[in-house]
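Both complexes below contain subunit A, partnered by subunit B and then by subunit C.
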Partner chain A sequence: MAKSKPKVGIFGLTGCAGDQLQILNCEDQLIPLARQMDIVDWVMASSRNDHTCRLDIAFVEGVVATERDLESLKEIRARTKTLVALGTCAVWGGLPAMHNEIPREVLQREVYHSSPLHFLDTVEALPPTHFVPFEITLPGCPIERHEFLRVAHALLAGAMPEFHMLPVCWECKAKENLCRVVYFQEVCAGAMTRGGCGARCPSHAVACAGCRGPLEEPNYDANITMFADRGISWVEIARKMSQFSAPVWIKQGLEKEVRHERRR
Partner chain B sequence: MSAAGRSIVIPHLGRVEGHGGIFVKVVGGRVHEVNMDIFEGSRYYEALLKGKHFLDVQGVITRVCAICSAGHTVAALAALENALGIGSSPRVFKMRGLLTLGATIESHALHVFALALPDFLGFDSVIAMAEKYPREVTFALKLKQLGNRIQELIGGRAVHPVNTLVGGFGKLPRHRDLEEIRAALAAAQGPLAGFVELAASIEVPDFAARPTVFVALRPHEEGYRFRGSTLCTSRGEEFPVAEYRDVVREFTVEHSHAKHAALASGETYMVGSLARLALWGDRLVGQAREAFQRLFPRGVEENVLTNTWAQLVELVHCLERGQQVCEELLGLPEEEREMQDYRVRAGRGVGAIEVPRGTLIHEYSFDDDGIIESANVITPTAQNLANTERDLRAAVERLLASDVGSESILKLKLEMVARAYDPCISCSVHVTCL
Partner chain C sequence: MQTFRMNASFLPAFMEALKRWGTLVAPVERGAGTYVLQAIDDVSLARPDALRTILPFKKLLLKPRFAMLERRDGGRTEEVFDNDMGPIVYFGAHACDIHALEILDLIYMTDYVDPYYRRNRERLTVVGYGCMPDEYCFCESLGTETVERGFDVFLTPLGDRFLVTVCSARGDDIVRANPELFEPASRADTRDYLKRLQEREQSFSLAMDVTDLPYVLELKREDPVWDEVGKKCLCCGSCSMVCPTCACFNVVDERPELGRAVRARTWDACLYRDYATVAGGHNFRADRADRVRNRYYHKQEAFVREFGKPSCVGCGRCIENCPTGINVVEVFKYVRGEL
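After this line comes the complex of A and B, so read on.
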């Protein structure tokens, strides 16, 4: 045998398990891929796991929403050489982070009818990238299978994967879809959102909700102004933008728009 | 076995979706406490929906859980459309049905072959199983892929659909794509029948068997179907699904981030494939009927470990029924898009569907501008948790009495009970009431 297989761990913090499911969804390529790795810690797929050994590669999905999540994340970081954030929750916070300005006690009262509930050690939902450094970030809600495979194959070859950072808007134009903003006066996050999905939503006549998170330098102001100039209300703009990457947009100016929303 | 106090702890249950564990305390030879610990974090989606427009609901609520994303989508859209007072066109109704069948094929294939079968064949994972059973595992993954292809075609994406809208679909499938799916469904029938034979040769243990109340939706038409508007119990009770709050009582327990549920009588119950077969199995036709008779020669018994075989019967059904629905859709003219017009007005609506793990109920209310005022989601796993604990208790009592062997064998058997329910823990943490 030439060299030993890399030890791999796959982990989910708080989330929908969609990114781990997308790994399982690589059906045709799953077993050949798994043969090249030594997957030693994957609770979702195996009942025998090593929770302490050193890992060459680890994939982490989900947000940090409990104290326990944060502990697990730090443990994973400490034992891993190359750490990959999988999915928009892990990279940006995603939907669970869309209203971090609302105190958890208020949400607890609404959901469990009493507060405080001490057994719920929930904290504000933040992305793992907020707490520890990651070598690679792969957003998407869920991740695209072809992108995951690209990351996995590059790492197995000892290389870093490369992605071109084009917006969803570019992929949408290449597909010659009718523009959701220009023709339908909708709030579409496609020009501010990282592509790779092949513009799935606009190709189904639905505006981009920004599920893959922002580009490196999104032109937030110009986009928001364009929506407003088309007669879309600030309330509507704030509502649509307070979804997948709300914490990012808040820093860019969404705070002003959100003030138009009704308070609870 | 020692008669003194001891604890059996499975800190992190493997081969299930989400984060949970099992804790059992035995004092003086008697089982004192049995808990399914659910420590998955809460994401409060239903509370976060408040203030959003009803058109944004599906994109948010589908993300409660990836494996069940199509089920949440169909339930949410049905509830919202009921609130608006609009029905679905025949094409939209059939397409959502096909989406549900695709999701069930994907989910059942994943659970039966990758999560549960390793227990019965003595492996830790499907990846380990692939070394000894390469042909079987390859077919199982192909079947799962077929479920995903259907979801991709109808929903626009295998996980978290995008094409599914209030009132219709953004884009309709081409006839040639439907023909391909129909052919693939037909081609999978033979190999799946082989699996039914393999399953029939495996004896299912009965250490967790216990009298159980089964609950499932009455199918909306004669036949074995996954949608309906009446909740039925195996005791012969029936309730309109809109009155679910009178039937399903929820309560909070300290060891679980997910609420528990029981019937108004205080009895726990089971939802899922086994419950559906118990109530409506006599409606199965064709190969699904044969598979049912082969795997349940004495009919459905109250043993949750047979739920995996019930899923296998439903897989056979989904392959056959999927071909019929494709046929029906092919009988309609090929078109680009189908959307119903509607007027936004205040309303409240309930939608229910049988998803792979059991009955899923969504309820929403919104104001005249379409802004969400309240949301409630009742997931199958949360309904099953209290019943799972009772099955675990029965299993521990029986296994301790019969001297099962080593601690690790005892733990494995308890894990099998929990896994048989195919729990979806992400979902369960979102049983909420506003």
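After this line comes the complex of A and C, so read on.
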């Protein structure tokens, strides 16, 4: 069957570019993969790009933190068949959305010690999934390479990737780690967080920070009560749980995000 | 069933001898007071008096995740034997574990025989070890505190010696192959054994009333207690992962690399939202409360209807491992209106 290669674009909005870097980190798998697709628009990795052609698949990393981000996002959506949100920023807001309650002018003043800079036209940081529909969401801070490859290979085969949606606790128990909550009275976000990282942090004796975002419907209240009942202070709980912007999930109305998630 | 006596100092030699029947797997210490079942060469690492291991023996029969089939582009679908563990000697099974093994056999080998389970099961040697309950054990309430079958050899510690019970042809082979380790049990051994049983009976501090429980549950399906538990439960699934009789699994197709597809099987649990998602995205147990209730009903109602006994053996693992402190004994007390 002579099939033309799918046209692919990889884009970064406001973010650290860590997810794009993870794609480059796929090293030995990257060349064979690149041979199967036609990567036409990837500013980070190529100096020759086509910014207007139609795309079969596009990966978008980062949050919408400026008006320009939003424009780019809408343009990408308009020219793409299958849109993949790459990384926790793109799916949930991630670290950039951690302190949305602080006015942007205050942030600018504190960071740059000057009156508002006009080239920093930042708005509240929100995930791209808040603005346009995505076919697939792949969280992670950064994404897991093996998950990216699963998405890419499935799409190349003309299928949607299948993910067994389980919390980090599943992988943590499968590895028989000592539970950070039960044995160490720590704030661990594992039960709320979508697995796939192999319970990386608890496997190194560190509580999960929730970097992959919520699974589907975190029992937020029960988690807080559980930590408070163990004598952990509210300040500590709030600090740990807001690391990966748990309040943003709530403020945005989780239901909407969950719907995106289920559509995958 | 035959009984023998073995000098306590022979335990290492006995464990060495067991290696002839397969890979020796025994509880070893993972952190202070926590244990995992692990293949060992050095028998001094074994902690047979460990009450619970984080994951139960079921991981020796079905890995939490294993590949079933594999296919390379242009090739044929091949069976892979990722789950085959070869002959294993499971050392340190307690009475509740052996009862749980019988329950897994009912689930996996009654109507539809699960080939993945069976291949490991048929090569599993079970060496039991007597225990003393702690504050989470309630096997006595479920009648799983002693065993009369389902093991090959069972050691009951009696201070300076063990009472050794043999219950299978393989167990008999093990004893016959090592005559220097065993002597016939004497009347004093039997007496001390009974004394120990009595002592053990008196050490249970947790109890659960199971009288008519399936009927109670039938009437309490809509009880607000399930919403209460649902509000507290994180659906982390830990209780199910560590439960020796939870047996659900999922099957997923993946393409880990270009040109290679894998069909994998993983442990699953009714506590997870994804579990009851069906075609079209509908979920017939979307509420957390429904999911928690399902776990309890399956153990104490549905299983009883199907197999004539509950599928909980009272090992206490779910109580010890629930991060929010949901306790099966308390839940049922609550259901009965006793709390």
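Here, the second predicted complex is superposed on the first by the 245 of 264 C-alpha atoms of A that agree within 3 Å, B and C clash if a C-alpha of one lies under 4 Å from a C-alpha of the other, contacts with A are read in each partner's own complex, and residues count from 1 in each chain.
Here is the rule we go by: a residue touches a chain if its C-beta (ideal position, glycine included) is under 8 Å from a C-beta of that chain, and two chains touch if they have at least 3 such contacts.
Computed from a predicted structure; not experimentally measured.
Asks: Kindly say whether there is room for both subunit B and subunit C on subunit A in the superposition, answering fit or clash.
Replies: Aligned on subunit A, subunit B and subunit C fit with no clash.
Asks: Is A:Val60 touching the first partner subunit B, the second partner subunit C, both, or neither of them?
Replies: neither
Asks: Which partner does A:Ala209 reach: the first (subunit B), the second (subunit C), both, or neither?
Replies: first
Asks: With both complexes superposed on chain A, which partner does A:Glu217 reach: first (subunit B), second (subunit C), both or neither?
Replies: Touch partner of A:Glu217: subunit C, not subunit B.
Asks: With both structures superposed, pick whichever of subunit B and subunit C touches the larger number of subunit A residues.
Replies: After superposition, B is the partner touching more of subunit A.
Asks: Does subunit B (first) or subunit C (second) touch A:Ala125, or do both, or does neither?
Replies: first
Asks: For A:Val40, select first, second, both or neither according to whether it touches subunit B, subunit C, the two together, or no partner.
Replies: neither
Asks: With both complexes overlaid on chain A, what's the closest CA-to-CA approach of subunit B to subunit C, in Å?
Replies: When the complexes share the chain A frame, the smallest subunit B-subunit C C-alpha distance is 11 Å.
Asks: Can you give me the overlap between the subunit B contact set and the subunit C contact set on subunit A?
Replies: Overlap of subunit B and subunit C footprints on subunit A: residues 262.
Asks: Where on subunit A does subunit B make contact in their complex?
Replies: 12-22, 24-25, 27-28, 30-31, 34, 39, 42-49, 63, 65-66, 68-69, 94-96, 98-99, 102, 104, 106-108, 110-114, 117, 119-120, 122, 125, 141-142, 200-201, 203-206, 209, 211, 236, 239-240, 243, 261-262, 264
Asks: Which part of subunit A faces subunit C closely enough to touch in the complex?
Replies: By the definition above, subunit A touches subunit C via 29, 32-33, 36, 146, 149-150, 153-154, 156-157, 162, 164-167, 169-170, 173-174, 176, 178-179, 181-183, 188, 190-192, 215-219, 221-223, 225-226, 229, 262-263.
Asks: What residues on subunit C touch subunit A, complex-wise?
Replies: The contact residues of subunit C facing subunit A are 30-31, 34, 36, 53-55, 64-65, 231-238, 241-242, 250, 252-258, 266-268, 272-274, 277, 281, 288, 320-325.
Asks: Which of the residues in subunit B come into contact with subunit A in the complex?
Replies: Against subunit A, subunit B makes touches at 12-19, 39-48, 50-53, 56, 59-60, 63-67, 69, 110, 114-115, 118-119, 124-128, 130, 134, 137-138, 141-142, 144-145, 148, 156-160, 162-163, 165, 169-171, 252, 254-255, 257, 259, 337, 371, 412, 415, 426, 432-434.
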